[in-house]
């Protein structure tokens, strides 16, 4: 089929390649002229036969919304826009409504597969009317993995991104699970080689998975992960999953734990723990640490504030004494 | 090789079968005479050539401890006991010490694979001295899966069960992750068929795994899981993992969330939430529910206690009013 | 001062009384004619001198929004609307903008105190322009507790409800904390009388608080809390607090734990735990429970599905065997 | 009464003072000769009339155990040892058994109050036989706060420390609750002055408490808590509470969240999050950060590993592309 593809980054570029390998005619547009096939969105639309199908693969939020809006001006009745980015499913409802007014169809598609998708195929979860989905089906068939699974028409508009969102929420918690186990094995120092324990789990165990394979690959690349900081971004879907849980009164404690661990990983110092340290110091005279100076040691010096100091001077002794309250 | 196998339940029985298929001579003992090859532990030991290797496959705790102690009386220098059950790694240290006094070797082995192990092989994580492990190696080689992975000499005594314990802790959190995602998809009702969404994830996604395959199998067996109550036992390793985390000051929030969800799943009524309801009622006059009568409806009637009732009588009106504090 | 008060439920009715006791002229309106001073919102507005101050005390969401909208039609430049309900702070921004177009001021006010506020005073957190706040100040002064604290001009519009929202989020976690401790003391059965332990904590401890006093009162009213089901509603602020945390990348694990415990407390059966049970059953042949029949026993019968049954028949024995994977 | 007091640190020193103010004869011993009344434990015992009561106030664990053992050699039938430290309740059972063999009584006493106890009194939770408790009662009466509450004979030996342990577990979660709320208010920047919001909560609110008063005092001492690092030790009781919960299958998610936040606060870099970052990088080519060099900037440089780099070179473009999987 002929298809327009907007956004030729890490994901979009590989998807263009995979579609072309399967014989499709892809017109790609990117703001970066070095990778773009055309020099404008209008030029992309011009090159497509009717009904035109344009797949949008740009970041979620404003970039996707503005691209869809622009396509709404360029496309016409019977054409279809596919949002293959990581948009929030609530955006889909708005986008679909905007396009529907002009008779343009809308399909939302969650795409999983990362840098491995070019060779292995991309998992696809899409939502929309059957008639619109049908126009994109040849592309779906080429992008998906070769086996029996990997693609699903999940429901109406929004169902694709909602399913992908939940997929990513699950992914957060699974990664957190392996990571917690890894830290525990490393810290306990009972095993000779934690990497070999993880490697052994790749077959025969209950927890064998693709993410486990990747964890082993990462450990092989960088034994002990000494070159990677304990810092993880979150990309939206984890937050949205927790929010969707709250909206539906569904408790998601494992997914939430994974999300919060990422929040904390990005803090130089935790205000929450500053407050805990401050309260402990007030009631117990527990020594506190001062924040690390910029560019200095990570751990600041210990400091007992005035009240505790006074208490110690008044009657304190050996320092061998009960802690906390 | 010749090997004794104590405990011929679901796991032990299948392991005997897998060992025999691979040409080993297995003498099995079980308290159930219908499945036992000999009528006593002493008879089992008698039938083995020296050095004798006896694999114990009975429940963790007292059953394993007493079996190991009994073997300590029956075996001699150079023999080896393998504990293949789900013992706590701290038990291994005690068992090994007991046997060492008599020159008997000890190997602890965590075994994963469940009812699928007979055909697919069992993942094995074992700990102990190299000389002891060597005597059991032919059995390990037959029990493990056929591929490159699935077995590891994790370290000294205790390292096997510790690794298996962490494996199971991870397993708890991964199951919780899929389960949370499933509840959210079911509750949100945006997707047409949650089973098909899960099925599609089996290929090309980041979260593809064996547990996902099993979840799809379960959904195929029992669509909507209408025949299964939301009730899950825990078998020790989850608790021990969290405890090992605490001992090592390693936070395991996702694994802990999974463990706690199981605790709560087994309660008819939550004392914690009784207390929360009682406090809310005290400050806000919020109505409380009375416990469900035995054999009656799950939800008891609503009841506002005296103070709240008095407050309403004194000045209350429409009932259209702010809630909580 | 003269003030209109819309909503005379549990909270509003008591607030009218407290204002009148302090000499204010309060015109109250409620849909329930038995408690209402006037028969319409228009009549309420008519009775007030200029600048008119109208305090809205109805449920958050649509009831508050529609009441504010109606007041926007009835009031004029220089008048002030106070929303004293438990509105989400984001609603305040919308309400203020609507009224501002007509020159009407808007103050949002979080109110805490429950059924005790009539006698002890209400804690007030309000947001808005200083000129608008000034017009309401005499009412704030009468409603607040007598001491040095209990009222704060927290910032611009929205700051009042945001502060009250965080207050309630903290409240959720504090109640959860006491409740967890109570369940543990009750379950461990080491103490002779858990109520007396809680009562002793009311003085000299680090955890003495008003909520603790209420918990003791609840235990005195209903020893063992046998008359209260473990079922707790949530009223919005807890959810909004967690959502605000997510929006600001602030981890709120204790508050979130409290919120999720409420979600779970309201479920007859947990879909998440159905899925966990289903997966355990698939890999390990672990017995599952069937759901309790309506009107029957809480615990359904145990059931091992076909595969596990077949596995046991093929080779199983004593049942004394390792659990989990 | 006459009483021996072992350990004259921050807590013990103040307790000696409070007992003396109330007319008791206290013989104090501390390894620090500057504060000690006698030069050995034996000298302390010699100075006491029969039946001798010795209160031990040294750190939990080995120091307490060895002190109790030494007292077992020095005391005789009818004497009583009180452990007022923060011992684990399981230690009490062992200590009591050791002493019982010689007819020496044992009382365990959890003490709360911190540096404020000297003036306000200490909350006391004690366990032991009634006859033993009776011999210590005059000291309990002087140490406790003046009001109706603050002391409880919680049950048999161990019940005192168990109650205190749960008290501290609750304390962890309550501190965490306020701290989370504080971080959220600070981060959201909707309120003009977070300290004033907290101060206002001291009266009329549901969350008024002594810990809140302390939090306000801390904020007054150090606005914004800029002089305190987000670093908090844990002193045992929090861990033991979670462990007791696990042993009793009681979920304690809020208390556990507070404990884990402390664990994480003490890490320069989180191995768990290193693993999460490594997995994300493997599947998505997400950039990772390298660890901060010692003595250098807190945030290391961003680094995209080879595979991701290759992927981008092969087909990547604008960088405006979907994140995560």
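By letter and in written order, the chains are A, B, C and D; residue numbering begins at 1 in each of them.
The rule is simple: contacts are C-beta pairs under 8 Å (C-beta built on N, C-alpha and C of every residue); 3 or more make two chains touch, one makes a residue touch a chain.
This is a predicted model, so every value here is computed, not measured.
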item	value
Pair of chains joined by more contacts [C-beta pairs], A-B or A-D	A-D
Chain pair equivalent in interface to B-D, over half of contacts matched, among B-C, A-C or C-D	A-C
Interface residue overlap between copies chain C and chain D, same or different (over half shared)	same
Chain A-chain C separation of Cα centroids, rounded to whole Å	32
Chain A and chain B: spacing of chain centres that average the CA atoms, whole Å	30
For chain A paired with chain D, centre-to-centre distance based on mean C-alpha positions, whole Å	37
In chain D, residues with contacts to at least two other chains	112-114, 167-168, 171, 176, 178, 180, 183, 187, 205-206, 211, 249-253, 256-258, 260-261, 264, 272, 283, 325
List of chain D residues in touch with chain A within their complex	7-14, 16-17, 30-32, 34-36, 57-60, 63, 84-86, 111-116, 118, 167-168, 171, 175-176, 178-180, 182-183, 186-187, 211, 214-215, 217-219, 221-222, 225-237, 253, 258, 261-262, 264-265, 267-286, 288-292, 294-300, 303, 305, 307-308, 311-312, 314-325
Touching residues (chain side chain D, partner chain C) in the complex	89, 112-114, 117, 120-125, 127, 144-145, 147-156, 158-159, 162-163, 166-171, 173-174, 176-178, 180-181, 183-185, 187-188, 190-193, 196-197, 199-212, 241, 244-245, 248-258, 260-261
In the complex with chain C, residue positions of chain A that touch it	205-206, 239, 242-243, 246-247, 249-253, 256-257, 259-261, 263-264, 266, 272, 283, 325
